[in-house]
Structure formats: structure tokens, C-alpha cells
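Below, chain A partners chain B and then partners chain C, in two separate complexes.
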Partner chain A sequence: MDSQWQIYQVFEKERADLPHRNAGSVHASDAEMALENARDVFVRRPNCLSLWVVPERAIFSKTVEELQDNAWRTEMQNTSAEESYLVFQKQGQTARETFVVHVGDVAANSPQQALERALETFDDKNVFVWWIVPERAIIKNEASDAPSMFEPAHWKKYRNHLSYPVEPIMRELKSAQEMLEE
Partner chain B sequence: MPNNSLANKILSVADDSFILGHRNSEWAGHAPILEEDIAFANIALDELGHAQLWYELYQELTGAEPDRVIFFRSAAEWRNTQLVELPKGDWAFSMTRQFLFDVYENVSLERLVHSTNPRVQEIATKIRTEEIYHLRHTSNWVKRLGLGTDESHARMQRALDELWTYALQLFVPLENERELIAENVVPDLGILRDAWQEKTVTHLSASGLQIPENIDSVPNLRAEHTEHLAELLQDLQQVARSEKFGVEW
Partner chain C sequence: MSEQEKLQEFEARIARGEKIEPGDWMPEEYRKQLIRMISQHAHSEIVGMLPEGAWITRAPTLRRKITLLAKVQDEGGHGQYLYHAAETLGATRAEMIDALLTGKAKYASVFNYPSLTWADMGMIGWLVDGAAIMNQTMLAHCSYGPYSRAMVRICTEETFHKKQGMEQVIKYARGTPPQKAMVQDALNRWWWPVLMMFGPHDSNSPNSAQLIRWGVKTKTNDELRQEFINKTAPDLQLLGLKIPDPALHYDEASDNWISGEIDWDEFWRVVKGDGPCNKERLAARRDAHENGAWVREALNAYAERFEGEG
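After this line comes the complex of A and B, so read on.
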């Protein structure tokens, strides 16, 4: 028996004009606790407007390399009814682009079909990874819970990594030490 | 002197938050899983942060500096309940304690935000959103452990049996507290106790736990402590009190 808790991927929206993007993952016993763990682990930056969690096994994921092999297209099972899928892309390799971000939605009757449609619909230049997520698998915070989940981070600068300028301090210490040694 | 009664009340509120925050901080690096280690450390930090706000108000009322109050009082001078000073025990014990305390804080804060004292009102408003989240988080844990395995259920019941009487000390009024209630500075502890009882009993029962029926004698005076507080203070205060570190306070 696997004694590990499930992994949930966490998506955070930091500004009204920005899409949800993947912040990382958490372990949790169930969806409700996953949302709380996501809040406690990831909502440190002052601005979080919305938080989603998705069981990792609900995500259909393909890298560009994997897409070159067309085998996934034949795995298609068109048995279920059409439903809404969210499309995510990782669009680059630099630190700023490293997040898997929400780019839009498609309707399809399987994750594979959703990916096919996403490949037709969305710009696929410079995409490194595609994630396809059925909308019904997404657990979202209730709007009424937003104040207690997100507002305290506003006045807790000590939780923000920007409050700890370790690098400049280390540089300063090092140069002071070098001056002493000279 | 109403100001004096208020200062005593604020000190007791600050001390409860501070000592509980310190106890919870002992879980840092030891919680059952990484995510909860962070979550529970956040709660511990929040309690210390809330204590800081109350100690600042205490300073406004009495002139006493928070650092002196925290690092240079002996056990008999602390005004926290025995509930919060008990050793952290197992995970079920710490979680049950935090839950019982969170319900108390929530029923208290939802009234303190209407306090006739503007500073009390201001601090309560700031703290309240965070406490709503604490209660949600600990309620979820209590439910999962209470309804979880035989082992988790047994540990939760044991924790509750031990903690219930201690928790009731939160509702023992201080000397002269009547004056503050009459002026609507703080809520009546009798009303808080009823609200607390209703909320805790409902949730604990839904979590498969039995409410203890035999109430032992509830600790009465906040100046009286178990031996655990002195041990905690020894740990907490040793650097501040040690001359060899040459720390200026």
C-alpha cells in the first residue's frame, strides 16, 4: 500500500491581469487540505487573488519531445461526454518564463482530444510543456474565503522572500572581509 | 481604576497568545509532514505576532516594554492559562489544544471588533481574519484525526479528555473584569463560554469525539502555574538573562 499522500499541483493568480500559473506542488490527504496546504506553502507574496489545486494524476502532460511521437493520439478514447479542459503552457526556459501558465480553454471529450484542439488553437511556438486539465478536477478557493486566506500576507513582509536580501548582504560581508585581508 | 483592569486583561490575552505560539513553535521541523510543518509554524508565528500587538497596547497602558515583560518575568508573574503552557505532547494533543483555543479566540474576536476601546477594536480587527483561517485549518485536522484510524481517534480522545478542563480556565474572569464588561470594552466571559461550548461540542461530536463529562477543578488563578511554565521560561529567557552573551536589552 502506498502510504504517501496524493500530490496536488498548485496554481496561483497574483494580479487581475495575469493568468493562473503553476506555483509548485503539495502533498495532502484530500482536496480541502490541499487547498490549505497550498495557501500555507505558497501564499507568501503579498498579492494572491485566487488559488487552485489539481490532483497531479488528473493532469495530462506532454513535453515537446513527447509530442514528436504520435502514439498519444491513438490513445484517444472518445467515450465520455464533451467537457471543458483548461490548457496550460510552459513557454520558455529562463527564470521568468519557467512557470506553467493558463493560456485558455477548449471543449473536448478526452484529454488527448483537448490537446489536439489546443495545438490547433493556441500558439505553439516556444512551448516546452503542455498541460491539459479537466475543469471539473480543479478545486478553487471560495471567494468568501479570500480575505482570511490571502489578506494577512499583505502585512507580513517577513514572509516575503524580498524582505531577505541575503545576496547583497553576503556580497557586502565578503568585500569587507577582503578589505581586511588586504 | 479601569485602566488598570484593562492592562491586566490585555496582559492575560497577550500571555496566552505568546506562550501558545512558543509551544507551537516547538513543532518546527518535527510536524508529521513538510506542508503541515510550514502551516503549523505559520500559526505559531501568527500567535506570536498577535501577542506582540497586545504587548504594545500593554506598553501604552503601563509603560512596560515588551522585551522586559517577556524576558524578565518569573513564572508567577505570567498571566497565561495553564492550557497553553502544557508541553506540546503528541500531534493530537497540540492540534486539539490549538482548536479549542481557536474557537475561543474566534468567539472573543467577533465581539472585540465592536469594543468601545478604539485600540482594542483596531487590534481585534487586524487579528480576526487570520484567526478565521486558523480555526478552519485546525477544525479540518480535528475532523480527520477524530474520524481517521483507531489510533488517531484514540489519541484525539485522550487529548480532549486531558485538555477540556484546562480550556475552561479561559472563561474564568479576572478581578475587576466586570468594569470592563459594563463599559463594553470586552465581552462577558459567560456569553463567550456558551458560544464556545456550542461550537466546540458541535464540531467535536461531528468528529466522532466524546465531550468529557467529569470536569475536574478548573484552575482558578492566572498567577498559578504548572511546573511546565518555569521550564519553558528557562528555555525562553536564558539568553536575555545571561550576562555572558553581552546582549543589550
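After this line comes the complex of A and C, so read on.
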């Protein structure tokens, strides 16, 4: 009865000048629930402008090591019509902030061809994994839903530690005690 | 590459400060230890919702109520981040939930103590979340990428948890005599269980050395516990509260607050399932799981129909 629901990777855009970035993943019975779950799990605080979910099985992923041999190129099947693919890179392996970020789009007729084109098109410095996703597999929040999904977090000031100014009180107590001791 | 060479390369990557990511080669023992740690951590977040959830309907003001609701919701979210991090290592959700509900998996033993008064909400926020932050700040530097990223997110949110608790303790400690007595009583009951949160002494912590070598932990249990006592004991005393440890004293030579010995018999008793609330906590989780079955069934039925039409 409790079969494992499928995994959706979640991407959030935190600022207008930043690309969509992988936040983690959620389980869900369908795409709509995946988007709802992603909202509840990753957007409880004001830092989101747009949210995407992608079924994990729709992601064509290759590490740089896997790209070294060319076996993946022979997997290529150019049977479907040309469509738009989104290109993601996992960057910055040594930094604490290692994320999969959206770097751009290519048109191709298979994920393999999309990856080939991505390798020609995008800078691969510091990249250690490529994710290729057909645009039709991406579930995005409706623009008209954005206010109800993301704005309530803005007035929930009580979720922010700055609403609890405890340090000044402790500092005051400490200096009062030091004065007493002197 | 032979297994030995792979291990050398793996350890070299960690020594260079690189993150290990899902799909990378890793020793089976690294995977096993991480699944154990991350799933225990996830269970702790989920079970940790119970002692505080019990007080949501009894909050003294609306401000305290929305704050506590937000905190408990955060803990649920943290559980989700962590289960997902464990899944990147090949553990399934069903296995992990089953291990919790059947009592096979452990969770932080501190949540097996009851929350008896409203002052416990302040004390749990300050001390339990404060202790968790020490551990989690360390784990944010952990060598496994998904775990470290989950920790970065969690630490930011836990800072709110700790401060809202501290604010309440300060209010009560400087409040009326009954409020002072209530918050002192809360400290009396929570101090020792919180020190136990850091786990057994280093000499009794068989996994520590390897976990440190593999960059999962960067500090030992005793180091973290000492850091916590040094940070917390002076503040509690500054507020006029009395820490329930007659042996606690400041040691000038080491610049440490030295505590008395923890009651390890109690620690092991609670870890092994015989604490004041172990049965109640697991029963609550089992009820939640069973009572939610119809929701999961409905979602599955909807998804099947949706897929059929699509």
C-alpha cells in the first residue's frame, strides 16, 4: 500500500538576478502535489520568486568522469522531433555551496544531442555533473499563483531570528554584573 | 582501479576538502554510517515535534502560539530535508519510517522526556535547539554534499528556534516569583538530558574516529558538549538560574566550565527504549502513520486516474 512515491527534484529562484537552483527533492504522488510539497518544505521563508519541480526519471545526468569515454554518444537516438532542453550544471565541488544551477537552454531531438550541444555552448569550468531536462517535463508554478505561494512568507516576521533580540539583553545583564563586581 | 585505489582516491578527495556527491564512489561503510546518522537525525526532527506540539493549544498569547506553530512546522520540514538526503544514498522512505515505527531506529533520546509546563517551551528552544545547532553547525562542514547543504538550511532556521526560546526564558527568569520557579524547574529537568544529547563519551563512541577521518564529523562528542556548556552555563547563571549540578565549576587554567559526571545508566536506559515517554512517542508516530493511510490512498488513486487521462 505504501509504495514509494516518485522523487521530484526541486528548483527555486531566490532573486531576480540568480538562476533557478536545485534546493533538494520531494516525494509526491503527482506533479501538482510535488509543487505543493516543494512549497511547504523549501519556501517557508521569503526567498523565492519561482519554483520548479522535475520528475527525477526525466533527468539525463552525466558526471564529467562518465563523459570521458564516449559510450554515451552511441546511446543517441534521434527519433523524436526537435524540442527545447534545459541545461543544468553542478558547480563548485570544493565549496560548501555546491549546487545544480540552470545555465541555459538548447534545442535538440534527444537528451544526448542536447548534452552534446550544451558541451559546445556552455563554459565547463568547475562543472562536475551535467543535467539535461526536456522543458516539457518541468512543472513550474503558475505566475498567477506566485503571490499566494510566496508572499505570505514576507509578513511572517516571527519566523526570523531578528524578531527575538536577546543579545542586547544579555549584554546589558553582563555589564551590570561586571559593574557590581568592580 | 582496485578497491584499495578507489579508497585512497576517496580519502584524498576528502583531505582536499571536496564534497562527496550522490553517485560518487564511496566505501560501503561511509554509506552505511551516513544513512544511520541522517535517518536518525530525520527521525529526531519528526519525533521532536511531539513535546512542543503538545503545547500549541495552550500557548499563553497568540504571538507565542504562531511562533510555536512555525517552529514545529520547521521541524517537520527539517525531517523532510533529511529523509531526502538519506535517500540520495539509496535508503528508501518506507524502510526508514518502518525502522522508526518498529523501534529499530534511534532518535535523539531527549525527546523521550515529557514537557510539563509552558516554561519547557522556552527551555527546549534555548537548550535543545541550542545543542542541536552546535552539532549541526559542525555537520554543515560534513564531507557528504546533500547532508551538508541540508544542514546549512537547517542551521539558519534553528537560530530562530533558539532565540525565541531564550527570549521566553529571559522573560520568566526576570518575571514574577511563580514564573521564576517554573523556569527553574524546567532547567532542573532539561539540563542533564540536554548534555546527554551529545552522545556517549569519546572513549565509548566507537564510530567517532572513522567518522572524523572521513570528514563526516569534525569534532568529538565531548568537544561539542564542552563547547555547549561553556556557551550556555554563564548565560543561565547571569539570569539568576541555578544549574542542577553541584560539581559544575569554572576552571581558569583550561577556560572551561567543568560539569559533574552524567548519569550514563539513565542515558542508556532511555536510548534503549525505557525513558519516561518512549512508548508514548512511538505510539503517536504510529497513530499518525496509520491515520494518514487514507490520505496516501486517495493521493495514489487520484494520481492513477490523472495518469490514465494524461
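Going forward, the second predicted complex is superposed on the first by the 149 of 182 C-alpha atoms of A that agree within 3 Å, B and C clash if a C-alpha of one lies under 4 Å from a C-alpha of the other, contacts with A are read in each partner's own complex, and residues count from 1 in each chain.
Keep in mind that, in the parts below, a contact is a pair of C-beta atoms (placed from the backbone, for glycine too) under 8 Å apart; a residue touches a chain by one contact, two chains touch by 3 or more.
Bear in mind the structure is a predicted one, so any value in this text is a computation, not a measurement.
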| item | value |
| --- | --- |
| Touched partner set for A:V166, first chain B, second chain C, both or neither | second |
| Touching partner for A:G24 - first (chain B), second (chain C), both, neither | second |
| Touching partner for A:P152 - first (chain B), second (chain C), both, neither | first |
| First, second, both or neither for A:Q177, with chain B first and chain C second | second |
| Chain B versus chain C as contact partner of A:Q112, first or second or both or neither | neither |
| Which superposed partner A:V41 touches (first chain B, second chain C, both, neither) | both |
| Per-residue touch tally on chain A - higher for chain B or for chain C | C |
| Contacts of A:M33 with chain B and chain C, given as first, second, both or neither | both |
| Set of chain A residues, in rising order, touched by both chain B and chain C | 26-27, 29-30, 33, 37, 40-41, 156 |
| Chain A residues within the chain C interface of the complex | 1-4, 7, 24-27, 29-30, 33, 37, 40-42, 44-45, 61, 63, 90, 93-94, 96-99, 128-129, 156, 158-161, 163-164, 166, 169-170, 173-174, 177 |
| Residues of chain B touching chain A in the complex | 33-36, 38-39, 42, 46, 49, 126, 129-130, 132-133, 136-137, 140, 144 |
| Chain A-facing residues of chain C, complex | 16-19, 21, 23-24, 63, 66-67, 70, 73-74, 77, 80-81, 84-85, 87, 92-94, 97, 140-141, 145-146, 148-150, 152, 157, 159-160, 162-164, 166-167, 170, 235, 238-239, 293, 296-297, 299-300, 302-303, 306-307 |
| Chain A - residues contacting chain B, complex | 5, 26-30, 32-33, 36-37, 39-41, 145, 147-149, 151-152, 155-156 |
